[in-house]
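Residue numbering begins at 1 within each chain, and the chains themselves are lettered A, B, C and D in the order written.
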Amino acid sequence: MTKNPEIDNHLKIQTGEDYINSLRNRDLLIYLMGEKIVDPVEHPMIRPSINAVAETYDLAIREPELASVISPFTGERISRFLHIVHSAADMVLQNKMQRKLGQNTGTCFQRCVGMDAFNSLYSVTFEIDEAHQTSYHVKLKEFLTKMHTHNYVVGGAMTDVKGDRSLAPHQQEDPDLFVRITKRTDEGVYISGAKAHQTGCINSHWMIVMPTMRLGENDKDYAIVGAVPVDAKGITYIYGRQSCDTRSMEGGEIDTGNNTYGGQEAMVIFEDTFIPHDHIFMDGEYDFASLLVERFTTYHRRSYVCKSGVGDVLIGAAAAIVEMNGVEKASHIKDKLVQMTHLNETIYATGIASSYQGHQTKSGCYLCDDMLANVCKHHVTKMPYEIARLAQDLGGGLVATMPSEKDLKHPEIGHLIDKYLKGKSSYTTEERMRVLRLIENMTLGRNAVGYLTESMHGAGSPQAQRIQIGRAMQLEYKKRLAKVLAGIENAGDTVNELSGYFERVFKI
Amino acid sequence: MTKNPEIDNHLKIQTGEDYINSLRNRDLLIYLMGEKIVDPVEHPMIRPSINAVAETYDLAIREPELASVISPFTGERISRFLHIVHSAADMVLQNKMQRKLGQNTGTCFQRCVGMDAFNSLYSVTFEIDEAHQTSYHVKLKEFLTKMHTHNYVVGGAMTDVKGDRSLAPHQQEDPDLFVRITKRTDEGVYISGAKAHQTGCINSHWMIVMPTMRLGENDKDYAIVGAVPVDAKGITYIYGRQSCDTRSMEGGEIDTGNNTYGGQEAMVIFEDTFIPHDHIFMDGEYDFASLLVERFTTYHRRSYVCKSGVGDVLIGAAAAIVEMNGVEKASHIKDKLVQMTHLNETIYATGIASSYQGHQTKSGCYLCDDMLANVCKHHVTKMPYEIARLAQDLGGGLVATMPSEKDLKHPEIGHLIDKYLKGKSSYTTEERMRVLRLIENMTLGRNAVGYLTESMHGAGSPQAQRIQIGRAMQLEYKKRLAKVLAGIENAGDTVNELSGYFERVFKI
Amino acid sequence: MTKNPEIDNHLKIQTGEDYINSLRNRDLLIYLMGEKIVDPVEHPMIRPSINAVAETYDLAIREPELASVISPFTGERISRFLHIVHSAADMVLQNKMQRKLGQNTGTCFQRCVGMDAFNSLYSVTFEIDEAHQTSYHVKLKEFLTKMHTHNYVVGGAMTDVKGDRSLAPHQQEDPDLFVRITKRTDEGVYISGAKAHQTGCINSHWMIVMPTMRLGENDKDYAIVGAVPVDAKGITYIYGRQSCDTRSMEGGEIDTGNNTYGGQEAMVIFEDTFIPHDHIFMDGEYDFASLLVERFTTYHRRSYVCKSGVGDVLIGAAAAIVEMNGVEKASHIKDKLVQMTHLNETIYATGIASSYQGHQTKSGCYLCDDMLANVCKHHVTKMPYEIARLAQDLGGGLVATMPSEKDLKHPEIGHLIDKYLKGKSSYTTEERMRVLRLIENMTLGRNAVGYLTESMHGAGSPQAQRIQIGRAMQLEYKKRLAKVLAGIENAGDTVNELSGYFERVFKI
Amino acid sequence: MTKNPEIDNHLKIQTGEDYINSLRNRDLLIYLMGEKIVDPVEHPMIRPSINAVAETYDLAIREPELASVISPFTGERISRFLHIVHSAADMVLQNKMQRKLGQNTGTCFQRCVGMDAFNSLYSVTFEIDEAHQTSYHVKLKEFLTKMHTHNYVVGGAMTDVKGDRSLAPHQQEDPDLFVRITKRTDEGVYISGAKAHQTGCINSHWMIVMPTMRLGENDKDYAIVGAVPVDAKGITYIYGRQSCDTRSMEGGEIDTGNNTYGGQEAMVIFEDTFIPHDHIFMDGEYDFASLLVERFTTYHRRSYVCKSGVGDVLIGAAAAIVEMNGVEKASHIKDKLVQMTHLNETIYATGIASSYQGHQTKSGCYLCDDMLANVCKHHVTKMPYEIARLAQDLGGGLVATMPSEKDLKHPEIGHLIDKYLKGKSSYTTEERMRVLRLIENMTLGRNAVGYLTESMHGAGSPQAQRIQIGRAMQLEYKKRLAKVLAGIENAGDTVNELSGYFERVFKI
């Protein structure tokens, strides 16, 4: 399945170090800024993203209750990211782990897509099987058992490049603009196409390929869900550039802002990549594509609770810099920290409310509340931007005009920077510069990509949430409430009418 | 305890009708617009507020799981408003009942203050007793048993008139500007002073009097908590005017907007009102005053979830009027309804998140999360205003320029109004006017008082929440997160440091 | 022209008192809450709106430079409200007068519609004549000369009741849902239909009737512009209800909040009302209807600068109440007053910028800038609501729960209110109550209608401004700027391409 | 004065090319990322900032009315940036030039600080002379004449590094933390200290050094204003890092986003730099320091109108990308472009309103309106961030995950990128990528520094504007308006009381 002997020998990944070793010596075709990357693990621009994933393993050791579970398939302790949620409490614990990892890394740790993907698939395959007498659900459980056995990282690949947005997949001039089956054999299927901005794909062991939107009868070849190892034949990875990405190549450790952790997004191109039958979880059941997308986005929009953890770091950085500047007692400064917190906790609260209000699907797997998941994610498309703006306010102009660390460490002018960029005497100039660079990193630099732009578009752009809120908002129910009070209609026991969102709101 | 024979004969109030009857023939001194009101039950300006409370009883019959509980003291089914919460689920159910009552009445149903008051007292008396070897807790349970027996409405009276805000109670020129003990006898204490804008006081059977803020050693006589029957001697009620209040006196039913339900706030003036020892739950323990206020506001700020129910009505009214105007398909119209919903559900989600994240106090009683309760209430000081603004946008100018119902029903000009204010043919002009009046009622009129101004100031004005968020926001913890990532401090297992808010966030 | 001998004898209105007398003894058919009103001047609910118009005359005497001009038609000093603007400075002075009147009345003074109407007509009639060889322009100047001679109040009647918004006027089931010509004779035309929420119509001497939207060839009979005396035959006025309107009938002067001034909006119904040829300024030139509407809204959206004057009053009230409460030094209080001011001045600045950037039409009359007028009005649909919200924040809960003035003045309980509602000792309780009532008046009560709801819908609802900004925003010009900098297109002298909005921006 | 023979030979700079040549062969001590830069003109990271200044010369040739004036000192045509404003129209034309240059460069063109500095100095020196019988004003005019003769770029150096913000300059532990006079001789003075984030300093010919805040009697040595040539002895420049700055060093032209233009900010360190008497415009008159700072910020806060020009570019880029993605017709897309425009024009309108409302100082020089300048700048601290957020919304996730241009041009994988990142067929993939990189550049990358962070802090951070609005808001005047309408005080002719802001509002 994977050609890395390291990982084959270590049957199960336990620590961050195990994980990092598991990524070595794989035969991946990766391009980064026009160069083929042979060893991503040691590449300074890629390594921070690997470190962020490694922290998911280390946290599971330090805080097993939070970040791991006992696998119902293997009976062994595995990452919570591989868990099928069987209660509302399970979903809430995902959120708590996400916040903690956001706090510990200050960036995207890349494992939520996979987690939300196979949770969605768990219930959707169950329902496909029920409707079409297929056997995807049992195959998925077998696949999950294998993942649990090795405690692997599984990514999810959904977003097609899409071409002309006004046309269905089969209507595109170039049929590859959505990933599709190009050939079927007795052993399985071959797929071609490309998935854009795939989070953490190179840092995963397996990827689950899924359709990205509602499909019609003529899109059958696009209705393919399957798992492929990341080092499968026929895959090319082209690394996405991030703001300030090359600072990691400069040899320092201050100007990077967050020298340890970063996110990763790459374009994944499939050219006749093979998926054997065992790893196929949908093939042609186009009528279930939209259900899969909807379930996935419901989980995933609530997963953006992670940003409240990242926000904690940025609030902390802002609090640190105002202290270093000696202005932490000014009322407007304190008030801005309160405002940042108010926004940040709103993300957290709406996200966990969605989890707490979850309900069981037929498969036994739980699903969080759709309305509140969308409310949460919609805040995420705005609030981190405002928190970042306030952090820049509190940070001062140096956030964007500060000399480099090479100047600070320069034998001739270093003392001038040390003298003139000094803040409060209890901190060194270098400490002040480090915090300023962290703020730059999170508001303009490399981790602004994850904190801002990905917050905007990940799990669907703002309008996608508005559409979903619109679908769930049950105006007929609300109009009736108004008409009764306006004296147009008679009251009566409205409970009988409850459905959809309000059914969940008022469930006891 | 009460001079109303009706209520003495009916040992326990069951229905809304029982409740309304229980308010008859009481000997209260009520002034409304300069007039003494002998029978508030039949007064057109007061009755809607009584109806709103009555609906809490009727809902308990229609939906017992939602709005009632089995009393642990009496073993009988009583209103959920009288319940001591013993789990997070109990607190969430309070929120669900609050939303439903907001939906059913479109206004303030006035029972949350009392509910939150004795829940706070439950744990605070326990802790006072522990510290001071007093016996308030057992007296409180006896009092609650009595309330449960009769299924009474209990109000809470906290907000003093305050005088000069820069002075402590004992420093005020007029010592009565905060309610205080004026005399102590063997039987009990006598109190004087005034409580401003007391919600639903006249519609209650009992009131719990409490201090309104942190007290010092010299404020001992202000550290009084006790229960008084609403018809106790020495109490004067002066009814608060509400916008458009006198429309209820005009004899029609359209221009009132919501002809059935309204809120109630009055000034309550005590002149040597007696409280016997049995009904005293704090007397002089000034060091517990701030704890009581803090616990009360924690519960009560989350209780503002009720406004999401009121918001449902206003969203419904907006959806109804755009349909009557024939513009419901315009994309900007739909988008505004989505925005209203997004805001409204944010109130709900942050409120229930606070309840779900609640924890047990020493007394056994649960307390919701302080940070999230403040985040919820702080949104409530803004979002209903924006929802109201959007409702006026969707309603059109007629919301504030429409002729009266007397014109509509006028023999000579009625037909002109009918002709010219006609919207979509499937609705009558009167129906359209009724919905417009409901929007006026909720955004400018009588129920705007509850939906807007009370949302602003109830349970503490906006700055009070910002102070509380500031206290709970744990900047030291967050600064450390930032310093670790900035390379200033070393990481390490941060779990050991957890306290306060983050202790609750990361509890498993 | 008018049957009031008072006004015929006094050839020219000079003072507010003259004006008020000019309204007496007219034969108008007015209904208010189902009653026929014989003498509107002395009706307590109507009088405040008359006082507001009267102040436009008195201001012209106290500050002639600001509020009056020398008529180019008569050579005599007349109200600036009757002036045809012949320079950008003229337009800016309209704004300054509007702000001052907003400050002096705290409400809508009702004369801007007329002012903006005949300024629009001035250029549009010129251009109709040019296109169609008609002679409307000269007739309009004669009409204006007459208005200037008497220094009359002229209103503008535009907003039709509209019926089904998806149908053109001629397609409506009931042809009267837009005002139209029902008969043509040698002397003139007869019109029928209704105009909704007409500002200050009953307080005017003449009204200019205009179409409300773009018309097509089949809507010729709706393409009518003409002047009618307010007391013309066949007109019925039905007074619009306002929040708290009947407080004026209670006999007090505190609970009204602003006892002197108010706004006025009524429905005006025409039943075969005659317009002689001399007073017709468009008849059938449907192709100019949209130009007229567009010019009118361009002037009128910028006229909402008046709300910055009203905002000054509300900010002043908020500043007064925090002082009376003794909290004016708190940093969050000061900050909220700053925020209110920031918003309020944004309204003013965007409005005068539109006037300053005005340009000359072919007729010689100036027209303010369309883009900036829309930007101004669009802020007006939001900022007063936020200012009002902040005023309620600063005012405290008493804004909506305060006892009535009858209670304050009551022989038995007055002293209790005086005692318990006392704020800072340098103010009386009554003074404090008066300011609280003023805040109620402007945020919930009668003048909230003008400050909020009319700010939302007057001169077009929010979406109307967005459409207009969308039309004027010149995306092609901006896309070219971006493409040049992105290296897709070559730069070059972009000046040659200038048109539309940017032509005005870059005119020297 | 300058050691560059090029510039001495060319007595007057006319074109951008002249200007660029004038910067060659100067003997400046510049450090950039730890390296001494001998030839900034040809340094890829510095050159874009030079190009932006060069465009100010080229625009003056292409559009002389907009970007140049006839010098009153030399009678020759010079840059408008060197002009002393003698009318409101002059100030408005500055704004129009600023917007145009923002449009043409998409970044900060760096000349406003100098322009606003000597305009402030013009009136302040006049008033110092009047108070202290000094002769600074005439010296300033001589200096300006020299600048006009050569048509030089003059920068302004104000922001000291400040050290401990709670201490006055003379109280700092290190006396150099504010620039100060270290020695006085018969010929002039010597200064030491550092100015942080100095815009365009290296691209200037002269710099005017000024104090940064109110000074006291003990700060006399800090009360120094003087002009120094940029290549004066004793100055070290340390270049500020910008987000993505090194992309200019990569050899491509797409990933830079805006390959031609950029901003510049550096730290300027003075070590005993000499200023001869002729170039000293304040020496010890500490009592005028705050007036100078206030006048400067008044001009400069309104100068942020430039950001509306930069905003035009970003709106254009957003409009281009949605067209390239084929979604430009979606209503929510159009609406976001309208919103961006609404915000952008608010910046423009409030800025020009400040200029239009300017008034004459005693020196004859005009000063724009303080309140409106602060209102403008305060919007600039927020609106560009929201415009940038919306641009990222419209741009899609590729804004932050797109492969590099080296990948696009790579012989092996270039075709894959071309195939899969294709949008609408009328555009090439490269064109689409260029627009996406421009959006990245303006929202995260190099020009985000100028468009966002500098918008936040330049001319004073947000709180500085709030303080200034607070000072100018005339609450006493407004309280009186409220009290009159509330019936607490009598009306009367309020004109007599006018002062401050309202004096300007109501000036005729």
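Basically, contacts are C-beta pairs under 8 Å (C-beta built on N, C-alpha and C of every residue); 3 or more make two chains touch, one makes a residue touch a chain.
Predicted model, so just to flag it, every value in this text is computed and none were measured.
Participant: Please flag the chain sitting at the greatest distance from subunit B, going by CA centroids.
Facilitator: Chain D.
Participant: If you tally contacting C-beta pairs, which pair wins, A-C or A-D?
Facilitator: A-D
Participant: Please tell me whether the contact surfaces of subunit A and subunit B are same or different in residue numbering, using the over-half criterion.
Facilitator: Copies use mostly the same positions to touch.
Participant: Distance from the CA centroid of subunit A to that of subunit D, rounded to the nearest Å?
Facilitator: Roughly 39 Å separates the two chain centres.
Participant: Rounded to a whole Å, what is the gap between the Cα centroids of subunit A and subunit C?
Facilitator: 52
Participant: Where in subunit A do residues touch at least two different other chains?
Facilitator: 332, 335, 466 - these are the residues of subunit A that touch more than one other chain.
Participant: If you look only at subunit A, which of its residues touch subunit C in the complex?
Facilitator: Touching subunit C: residues 331-332, 335 of subunit A.
Participant: Within their complex, state which residues of subunit D touch subunit A.
Facilitator: Where subunit D meets subunit A, its residues are 31-35, 159, 161, 163-166, 173-174, 176-177, 194, 196-197, 236, 238-244, 246-247, 250, 255, 265-267, 269, 325-327, 330, 332, 381-382, 385-386, 389, 392-393, 396-404, 406-407, 409-410, 413, 416-417, 419-425, 440, 444-445, 448-449, 452-454, 456-458, 461-463, 466.
Participant: What does subunit B use to touch subunit A in their complex?
Facilitator: Its residues touching subunit A are 62-63, 65-66, 92-93, 96, 99-100, 103-106, 253-254, 257-261, 312-317, 319-320, 323, 334-335, 337-338, 341-342, 345-346, 348-350, 352-354, 356-357, 371-372, 375-376, 378-379, 431, 434-435, 437-438, 466, 469-470, 473, 475, 477-483, 485-488, 491, 493-495, 505-506, 508.
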